[in-house]
Amino acid sequence: MLRVEGVDVSIQAVQILRSVTLELPTGSVAGLIGRNGAGKTTLMKSIMGLLKVSRGAIGFDGADLLARPVHARARMGIGYMPEDRRLIPDLTVQENLLVPAWAAKLPDAAARLEKVYQLIPEIRHFAPRKGLQISGGQQKLVAIGRALMCGDRLLLLDEPFEGVAPALAHRLVEVVGNLKKEGMSMILSESDLQHSERMVDRIIVIDRGAVSMKN
Amino acid sequence: MQQLVAVVIDGIIYSAWLFVAAVGLTLIYGVMKILNVAHGSFYALGAYAAASIAGALLAGGMPPMLSYAVLLGAALLVAIVLGPLIERGILRFMYARDEVVILLITYALFLILEDVIKLIWGVDPYFIAEPYGLLGSFDVADLTYPYYNLILVGVAIACGAGLAWTLTRTKTGKLLLAVIHDTEVSRAMGINVGRFYMVTFTFGSLLAAIGGAFTAPTVSVVPGLGVEVIVLSFAVVVIGGLGSLPGAALGAVIVGLVRSATIHYLPQAELFVIYLVMAMVLAFRPRGLFMLAEARKI
Amino acid sequence: DAAPIKVGVVTFLSGPAAGPFGVPARNAAEITIEMLNGGKVPKPYDQKGFGGARLQMVLVDESGGTTTQVTEFRNLVQRDNVDVVIGYISSGSCLGIAPVAEELKTLTVFFDCGTPRIFEERDYKYVFRTSSTATMDSVGAALYVKDLKPNAKVIAGLNQNYAWGQDSWGDFELSMKQIFPKIEVATSQMPKLFAGQYNAEISTLLNAKADVIHSSFWDGDLEAFILQAGPRGLFKRSVVVLTTGETAMYKLADKIPDGVVIGARGPYGPYAPDNELNKWYSATFQDRYNVPPNYAAYQMTQAILGTKAAWEKAQAANGGKRPSIDQVIAAFERLTFTGPGGEVRMAIGKGHQAITETAYGVTKKVGGKMTVANVKRYPAETVNPPDGVKAADWIKNGFKK
Amino acid sequence: MAAILDAKGLHKSFGAVVAASDITAEVAPDSVVGLIGTNGAGKTTFINMITGYLKPDRGRIHYEGRDITDLAPRDITRLGICRSFQIPQLYSSLSAYENMLIGLSVVMRNHGVGGFFSRGRPDVPGHGRPAEEVADDLLERFGLAEYRDKNAQVLPGGVRKLLDIALTMAAKPKVLLLDEPTSGVSAEEKFSIMEMIMKAVRAEGVTVLFVEHDMEVVSRFAERVLAFYDGRIIADAPPEVALNDREVRRFVVGGELHRLDEKRDGAHA
Amino acid sequence: MRPDRTPWVLGAILAVLLVVGPFAPLWVVFPVTIAIAKGLVALGLMILLRCGLVSFGQALYYCIGAYTAGMLGRVFELDGVFTLMLAGMAVAAATAYVLGFLLARYRGIFFGLLSLAFSMIFYGLLVKSETLGSTDGFNVLPSTLFGIRPADEWVRYAVLAAASSVAFVAALLVHRYLRTPLGSLAPAIKDNEIRVEYMGASARYAIHVKYVIAAALAGLGGGLAATTVGHIDPEMAYWTVSGEFVFITILAGTGNVIAPFLGALIFEGIRNVAFAVSPNTWQMVLGGALLAVIVFLPNGLWSLFRRGRAA
């Protein structure tokens, strides 16, 4: 279970997150909703460790996340998908997917890869292409797949449905639903509930860096 | 014919030297985007350490055959002591800065290390000539070459092949690519970026130090030894295409052969032939021989 | 007690020239000035300092290029108020400094730099040079080859690609053509300065099968060349003439075979005369620094002693009072004095440029120690042009006016 | 009325991937066209070809009767065809305001205003006001005023998108190509932004092509829809018709028919 | 908009130099003049640096400027300070115009090293020209000001005055240029060339223009250095000299046209001090000082002034 308590985050002396507190029980999906610039990305990055938390605590399954470097958090089973995709352009799609597995020296890399392909079969079609060659939406799919490679306990997906064709987005919603059944916790950000409405257990509304929870 | 053979042999020997001296630079630039001027200092330090340590041991009665191992050991010593120190102590705080700024930092380091060398070893030359003649020599085309030159070629091939294998065939190589491109995402994917940087820098420095250590037996180890190496290495690396290992190898071979041919047939032009080669290659392949101009996806 | 005399001393303290020239010269300056101040130098230099006034040394590194050197020279004169500047190894520095010395009206004594151009292109009042030009080295080498290999037919050269190397080879080639009208030049290799790797050059030299190979290489380049050429048998194929070989001969004693022609840019080191001054000098230097003084050290001491001689001559003419710079200059022009390397005559360049004898010999190991054998000495007039004649013209004219 | 933009038989492949095969489309002046399609269907490729970033392997593109197939992007831009990007292309180390100023200064230069010898602060052609004012006005209109002095690099995703469009609008285009203008933009703003853009350009008779995944936006703003699938145009009709096309529903829109045939989408790879 | 104070500051600096010059000790006047010459080169590099290009071969134009000045004296006995500087500038600009067609295609390290290659080829040619003294170079005629040769005590001041006036004009023009549409494009080219092209501007053309301007400034600086130092040699084209220029530029920062001159002055100052306090290990002192500046002033020396103003 993820527990964020009174977290403040400032970037270059500007406070972005204000005393954010939230809880996410294991196996539940939260939708992080807010306007542009509300702080969704900032919150995700803070949980992942890419931004420095100036005050407060973040705990995950009893461990103090703030005490661990970013790569250690990833190796705890937290998967992160940045909103701007950020694939490695010179690696093939398949290699891009495998990066988290290689980094953590996971023994079951092949099995995980296969699982990702099963969840999002489209990726398999362009697996041998380089990261920079695929279209924007395709990159998005790969980024989601990459987060799934190491994220087997908690997924942080930043705007996963943006730029994804509606037909495919519906499918992804189903995928997410299945993962939830397997006991995965998840935070998805979206500006509204357009896609995630049907599957989220709780909604975290964020506005100007402050959150309020709705169930 | 006889002269042609000499051209090729001389060219290959020079290429081998050039490659060992330059390849670490490619590695560090390719991975960390640092044009490391202090590369020359590591080269010089490797040479000094090799000459003084091997010299002392030989004087103390070490069997001469062991001196080759000592050369390698000296290079390792330099890299393992200084590489992590510089990377962890200074460079890592600078990664967010512009490429040129880091270049200047390495330049400042180079200035400092020049004087450190002087403070440790003084300005008098050091020699460790034993290993050069120890293995005897062979004759081709009416010319004599010490076998030691083959060791140099061997070292070059070993370094090149080992690195190439690591970078293109192993997961580590792929992860390096990820680190090169995007440290933030790499971290989020579970890569220990700091360790990658430290190891890469140390390893690149080690290659420079090996270059210096194995050159030491053929030269006099004096202040300023590392200066020439810097620009030569840059030239080789750029001709080949930055960060490309086969590129660096090919660049070294081209420069080596062209230089040797020039010396044999047109000695007056030796002074700028390397730069001419570089300008010509870049004129036709603006990003070096082995760098593909890939269109960015928009 | 007289006010101290400030002496600016400029030599290479960093970079490749520091080891063979710069630092030995600095050491020489240090020890000479110290001994002079203590009044411990043998006659005729036994008076303390210059004419009784203590010397105070201000040290400057010669690195950094001409612009830096001009700046530092101005600093010495205008900020540090030195009375005389002694220094400069690189010909480029000397050419750049000379007009500035003239502008600032500062007595400046060059101790080492080789180019004959300085006093050929212009007349200077404040500038002196107390060692011979590089012309002497090349002409001396050619004369020695004439004695050693009277049947030489083919020569080859290996010189660094910069002014000193080009001039050295140019003068040598020209002299050889005067002495051996039918001589053939097989190859002239000009590698870049500090290239370090000479395998290809050595191959061409081996292929040249020349009777004589001339090289004005110095320092690291010279040593690297010796290390790389030895195992490849170059010294067996040809007689190699190393015009500055003296700086390397002790360090590489076991790598230089017998029979290599060694020069010392004048009567210095192994070629220094066996007089009281030299005995004192080499012993004192060896004692302090554990190495014998090389030619750069000799030249530095020679420059200081020459300035002292001029100073004291002027002081005597001035009734024992401290002379003005103009008086020192008047005394310096056409002065003859003795250094540890023997007699120095300020005979050419309108009395501002020294000529000395020179000597060449071949290496010979005696009981494991490096010595020179078959030494030939060449009087100053045979290896230096007369006053008012350009070196190149003098050689072209068959060593005549 | 003659087409303002006329693409004939465009073909583009990347190795084995066919990103455009025989794309033919005429766009009438003063019209609004929505481009829809699956991911990787070739929408961006189509825009890239029109704006000169990619050269088609075969086929020609005409703009106002003139062949622009072989022109460089900057020349096409100068003719009045401007585009925004799916992944925002900004001057990342500059503030939003400076981004706008630079964009505007290029516009001025292209009209020969504001050079070394000009005095004072000349007006931006097409906007009739000095660059500083135009910049602030555009930022204001796109709701970017509060981000005026932030570096583009650190702007929130949606804001970057809007800034990218604002930059594109600075040049007063005659043909405007928008690549997913609303993706990443908050739901409340999607429509107002689109409305604002439409209002601004439609009054001047600007032709608009926009790529969009949000079918509500498409049906509301597009007069005509081009649906892409696998490098081909599979439907070309008004939105009511196109969005109910069987193939379009199946491959693009989803809904009850959303299960994808797994063998499609660039299956050649 | 903040009023543009740079022209006034520049004017004030010029006035100070002209007024204080005659009273300054001569050993200060000389390095200040040299700093102005190097500052001019750095000013050009700054223009390139603003669009992300670093030339490791700017010494080419510095040396061309110097040799043009030297040759004019040697062959035609011209010795007017302004004539020599302007001639150096013209020849450098013309060379850059030609080479620019090639170089404007390159970015990043390739731009840097290709320009380095050109400067080293030029260096090689000069080394081979034994009639010009090879690496020893040759002396430049003592300079005159409008045909008058000032008395020995006044030469230094005269050259300083000429140099600072020229630098003043150059800095003003560059300042103005940076505010034109083409000039202001630099950071845009650095950040995102695709967007530049899609705004309808040609990055290559803009770079070509900047390259020529930078070369002209370097030529100007070279001509000035030649007349000031009184001696030129091929070393002026060597890569280490280019490296020094780059160092000065980055040390200074790209904030303002005054910065390069400030950077050059401080660089010269640090080196002078290093030479004086520690002749045997001045490189270490210099390196340490530079490292400190880079580490503690991330945006270059200019940020010192920026911060002062903001507070």
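Note that the chains are named A, B, C, D and E in the order they appear, and that numbering of residues resets to 1 at the start of each chain.
Criterion: contacts are C-beta pairs under 8 Å (C-beta built on N, C-alpha and C of every residue); 3 or more make two chains touch, one makes a residue touch a chain.
Keep in mind that what you see is a predicted model, and the values were worked out from it rather than measured.
Trainee: Chains touching chain B and chain C alike, please list them.
Mentor: Intersection of chain B and chain C contact lists gives E.
Trainee: Over the chains that touch one another, what is the least number of steps taking chain C to chain E?
Mentor: Each step joins two touching chains, and the minimum needed here is 1.
Trainee: What is the chain whose Cα centroid lies farthest from the Cα centroid of chain D?
Mentor: When every chain centre is compared against chain D, the largest gap points to C.
Trainee: If you average the CA atoms of chain A and of chain D, how far apart do the two points sit, in angstrom?
Mentor: 29
Trainee: On a C-alpha centroid basis, what's the spacing between chain B and chain E, in Å?
Mentor: Centres of chain B and chain E (C-alpha means) sit 32 Å apart.
Trainee: Just how far, in Å, is the C-alpha centre of chain D from the one of chain B?
Mentor: Between these chains, centre-to-centre, one finds 48 Å.
Trainee: From the mean C-alpha coordinate of chain A to that of chain E, what's the distance rounded to whole Å?
Mentor: Distance between chain centres: 51 Å.
Trainee: Touching at least two other chains at once: which residues of chain A meet that condition?
Mentor: Residues 133-134 of chain A touch two or more partner chains.
Trainee: Among all residues of chain C, which ones touch two or more of the remaining chains?
Mentor: 14, 161
Trainee: So which stretches of chain E touch two or more other chains?
Mentor: Where chain E meets two or more other chains at a single residue, that happens at 127-128, 194, 280, 283.
Trainee: Can you work out from the touch definition every pair of chains that touches here?
Mentor: All chain pairs meeting the touch criterion are A-B, A-D, B-C, B-D, B-E, C-E, D-E.
Trainee: In the complex, go through chain E and note every residue touching chain C.
Mentor: My answer: residues 25-27, 30-31, 34, 127-128, 130, 133-139, 142, 152, 155, 225, 229-233, 235-236, 241, 268, 271-272, 275-276, 279-280, 282-283.
Trainee: Give the list of chain B residues in touch with chain A in this complex.
Mentor: Per the stated touch rule, the residues are 171, 174-175, 177-178, 181-182, 184-193, 294, 296-297.
Trainee: In the complex, go through chain D and note every residue touching chain B.
Mentor: These residues of chain D touch chain B: 44, 48, 53-54, 85-87, 89.
Trainee: List the residues on chain E that touch chain D in their complex, please.
Mentor: 1, 176-177, 180-182, 184-185, 187-188, 190-192, 194-202
Trainee: Can you tell me which positions in chain B touch chain E when the two form their complex?
Mentor: Spelled out, the residues of chain B in touch with chain E are 29, 35, 90, 93-94, 97, 99-101, 103-105, 107-112, 114-116, 118-119, 231, 234-235, 238, 242, 268, 271-272, 275-276, 278-279, 282-283, 286-288, 296, 298.
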